[in-house]
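Below is one structure. I have some questions about it.
Note that the chains take the letters A, B, C and D in the order they are written out, and that residue 1 is the start of every chain.
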Amino acid sequence: MPGLRRRTYEVLDMAVPGDRSGVLVNGLLMALIVLNVAAFIAGTVRSVEARFGAELWAFEVLSVAVFSAEYLLRLWSCVEDPRYSRPVLGRLRWAGSFMALVDLASVLPFYISFLGLEGRLDARVVRVVRLLRIFRIAKLGRYSTALQTLARVARAKRAELVATISLIVLLLVIASSAIYFAEKDVPQTQFTSIPASMWWAIVTLATVGYGDVVPMTVAGRIIGGFVAILGIGLFALPTGILGSGFMEDIQRRRAEEAERAKAAPPAVCPHCGKELPKT
Amino acid sequence: MPGLRRRTYEVLDMAVPGDRSGVLVNGLLMALIVLNVAAFIAGTVRSVEARFGAELWAFEVLSVAVFSAEYLLRLWSCVEDPRYSRPVLGRLRWAGSFMALVDLASVLPFYISFLGLEGRLDARVVRVVRLLRIFRIAKLGRYSTALQTLARVARAKRAELVATISLIVLLLVIASSAIYFAEKDVPQTQFTSIPASMWWAIVTLATVGYGDVVPMTVAGRIIGGFVAILGIGLFALPTGILGSGFMEDIQRRRAEEAERAKAAPPAVCPHCGKELPKT
Amino acid sequence: MPGLRRRTYEVLDMAVPGDRSGVLVNGLLMALIVLNVAAFIAGTVRSVEARFGAELWAFEVLSVAVFSAEYLLRLWSCVEDPRYSRPVLGRLRWAGSFMALVDLASVLPFYISFLGLEGRLDARVVRVVRLLRIFRIAKLGRYSTALQTLARVARAKRAELVATISLIVLLLVIASSAIYFAEKDVPQTQFTSIPASMWWAIVTLATVGYGDVVPMTVAGRIIGGFVAILGIGLFALPTGILGSGFMEDIQRRRAEEAERAKAAPPAVCPHCGKELPKT
Amino acid sequence: MPGLRRRTYEVLDMAVPGDRSGVLVNGLLMALIVLNVAAFIAGTVRSVEARFGAELWAFEVLSVAVFSAEYLLRLWSCVEDPRYSRPVLGRLRWAGSFMALVDLASVLPFYISFLGLEGRLDARVVRVVRLLRIFRIAKLGRYSTALQTLARVARAKRAELVATISLIVLLLVIASSAIYFAEKDVPQTQFTSIPASMWWAIVTLATVGYGDVVPMTVAGRIIGGFVAILGIGLFALPTGILGSGFMEDIQRRRAEEAERAKAAPPAVCPHCGKELPKT
């Protein structure tokens, strides 16, 4: 059966560039994932659930059947991948990879609730994990390059982005402590503790500003003004970091192309056949 | 009549650079479009409609007459454009172009309501399409270069921007699912279903924050805090993408200018002295 | 008196680099402007006005006296500036310059209200113009370079920024028309006309989101979601434009420095005194 | 005891690169700071205070003891640092450095309230200063480079960022003055004075938009619309500035690396063969 297993691997993993059946099968799986998520969302609307409950349930069973078959086929054929070539250890390593865990998590809640274990964990909550399967879309077609660019830039600037998030957390702690001491003695205030004030601090720092919690004292409003202005700066940090990351990425790719062009054999004059000097 | 048709084409399409009458006629048409949109907007105010209803109606009839004449003249003269030179097929292709459809859509609702077909479609809604005519302004004068720059950069970064929108949609689905499960058991909650929660999710992710729907539970507020911080990152993506796009555009134009300045005399092989083919 | 006039011009216009008295006099004038604005702001608080009304009035009279003297001295001495050297025409041209008009507008309302003409225009409104005098701060000391950089970049990207504002206006018109037709039939809606809906549109596009006007229908919320996402893009445009503008500015200044360095006399070896090759 | 003092200095200041014990001790101190801040935050929640008040108090006493010991050990050993080598003057200079003052401020409130001086200053407010100790985290491990990059870029663009803040303040003053005159005659308005209107102005300029103060007149809404659009521009300035700063920083570091790679052997005059002085 290695021939069939090899073919299964090639189709499911789109391992052969230009192979149409891989794109087709993965495209159909993607469509099923999207439809399944849409059905899940629609099913939370009471009127839809009341009218189409049976149909949605049937579609859920079908989806889980297809996803389960896909999971088992991937588990069976993954040994064709050089990274997971050992029969048992390779399959275990594959099963522990991030996308395999997401695939498993997208069917497991169904079986758990089927076995009557639903009291233990809310199946619907776990089904949210199924949304992560949408990331598989990155494999399909022409948008993959763009998504890879976003991911590559975010990875290259990882440390700066983590530093930005640390700054946000620090600002949150300081802002919520300060506003709490400014507002805590107002009658019927919503700033009843620092953790409660953090809701206000994050809503203000991110410039969302629901208005459900608002400082009333002069001191609180001055603190609020500073936090709002710091919020402006907070938008500047990741933007500046990612902006320079995109520029760097473009320059690096251009340098690589120039390198490749230079490494090519030297151009030759078509008239006399002699080597031309590099420009 | 080819002479008159040629002249009509030249004036309406501003085909001859430096021809004043083309700029004048298109400027007057633009002014009429802007006034017509302004009249349409003013007409929705009850007090204005009550006092100036008749005048607004007369102006509407006049505008439609001018726009209809313009449409017919463009349809008649478009065959002077090399792209639409064939008498029937060329005119059909012109009529199917985006700007021609917008031009048609800007007068059609009037005739439809005139013919008593208004029950079929709300003429006022379709009249909103007329706003698209404002894009004609791009042809006029000195701002066209800047608008072309914006359009060129957006087109060059199309894939990255689409990837960003996909990320936004994915975040919306995840955020609204998560907040729904966190808030759905609060009495009189507005998070009654995932689609209903999406309104909250988009208002928070875009950092608008109306405050009409706000999480009340601790879990919901923690989710809300994460969504707000993700919103900051969401602003960084298109900004970084477009920022690097503008830089690339500037560098490319500068490189082209340098190329043009350099490449004036054809390159010659330094060994045999003969001209080299352009690469 | 040309010697005194020349000295007055030098001091008021800081025409001699390194002259301490020019910086001192302009610094004192700036301090008076800032204090005067602060007094104006404080005077709108009822309790402050009730207690310190007389003192604020005395300070206002003093300020106007100083500003009037400054204006007359500038008018008298401006002919020392080569641009305004002709006695009458030069002084008229100076009086028509932007900063001179601002200077005049900062004292005129006082005299108008003094002459009993206050019924004609609200003196306090016109006094807001005095705020523009704060721009004089740009002349003082080390922040002038930074403010000049901001101004130079904004000017270089003028066309793109105007194109962005045109786009904002177009989006405002389309968004407010669309939301009006979606929401106008809701009982007690605040979307009573397109102009009224524009308030919602701008508050949403700029991601402010007060929440005083909020769509209630499903169609209105879908339109609102699109407008909110377009708002994200709207922040990206000026940011990307200005970001690339700052980069260009830095590169241009660096190129100028390199040019100056190249144009300098060639470096010489300190041991043998012979010319060194350029690196 | 110089040997012990030297070792204490090396461990507390992580002065020896690659020394594990320095990283360990500072890591434990950091963990204690974070836990102490967390306990402080949790202690403001009434129910937590009621149940774990005694434990939180014991933990506070322990933390202050450790921080006091750390402070005294740093004061004792700082003379090993070449900058503070003189026994008395060096220690005084160290005690006056920013981080030493923060360290002192993080324990002082405890002793003040212990000595019954708490009436003078609210110990809890001063304890907020302890949060600044978190900045010590910058010393630990791999995020220090990223935080240094952020700090270096912010410092390099100091003048432009200060100019931006001046612009924000100027816009705030103008916007709050304008809205005050537009809205002050509305019955029960919240725009009762210019300082009161500033709360609205900052909440709108930073696009927070709580909705607790909203203009009601047409003039006020037009002013509000302009302020909201200016808010978009306000986000663009720091972002563009920091974005170009990050790019410059990257280019500078790359140029330095290239310089170092190139400049390894000292330059020699090509005429006389002698070494040239570094420029």
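The working rule: a contact is a pair of C-beta atoms (placed from the backbone, for glycine too) under 8 Å apart; a residue touches a chain by one contact, two chains touch by 3 or more.
These numbers were taken from a predicted model, which means no experiment stands behind them.
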Same-site or different-site touching of chain B by its copy chain C, using the half cut: different
Chain of greatest Cα-centre distance to chain C: A
Repeat of interface A-D, chosen from A-C, C-D or B-D - more than half of residue-number contact pairs shared: C-D
Whole-Å separation of chain centres (CA-atom averages), chain A against chain B: 30
Centroid distance [mean C-alpha coordinates] between chain C and chain B, Å: 31
Length of the line joining the C-alpha centres of chain B and chain D, rounded to whole Å: 44
Multi-partner residues of chain D (each touching 2 or more other chains): 207-211, 235, 239-241, 243, 247
Partner chain A, residues of chain C touching it in the complex: 207-211, 235, 239-240, 243
In the complex, chain B residues that touch chain A: 159-160, 162-164, 166-167, 170, 173-174, 176-178, 180-181, 192-196, 204, 207-211, 214, 221, 224-225, 228-229, 231-233, 235-237, 239-241, 243-244, 247-248, 269-272, 274, 276-277
Chain C-touching residues of chain B, taken from the complex the two chains share: 37, 40-42, 44-46, 122, 124-125, 128, 131, 134, 137, 142-143, 145-147, 149-150, 153, 165, 168, 198-199, 202-203, 205-212, 234-235, 238-239, 241-243, 245-247, 250
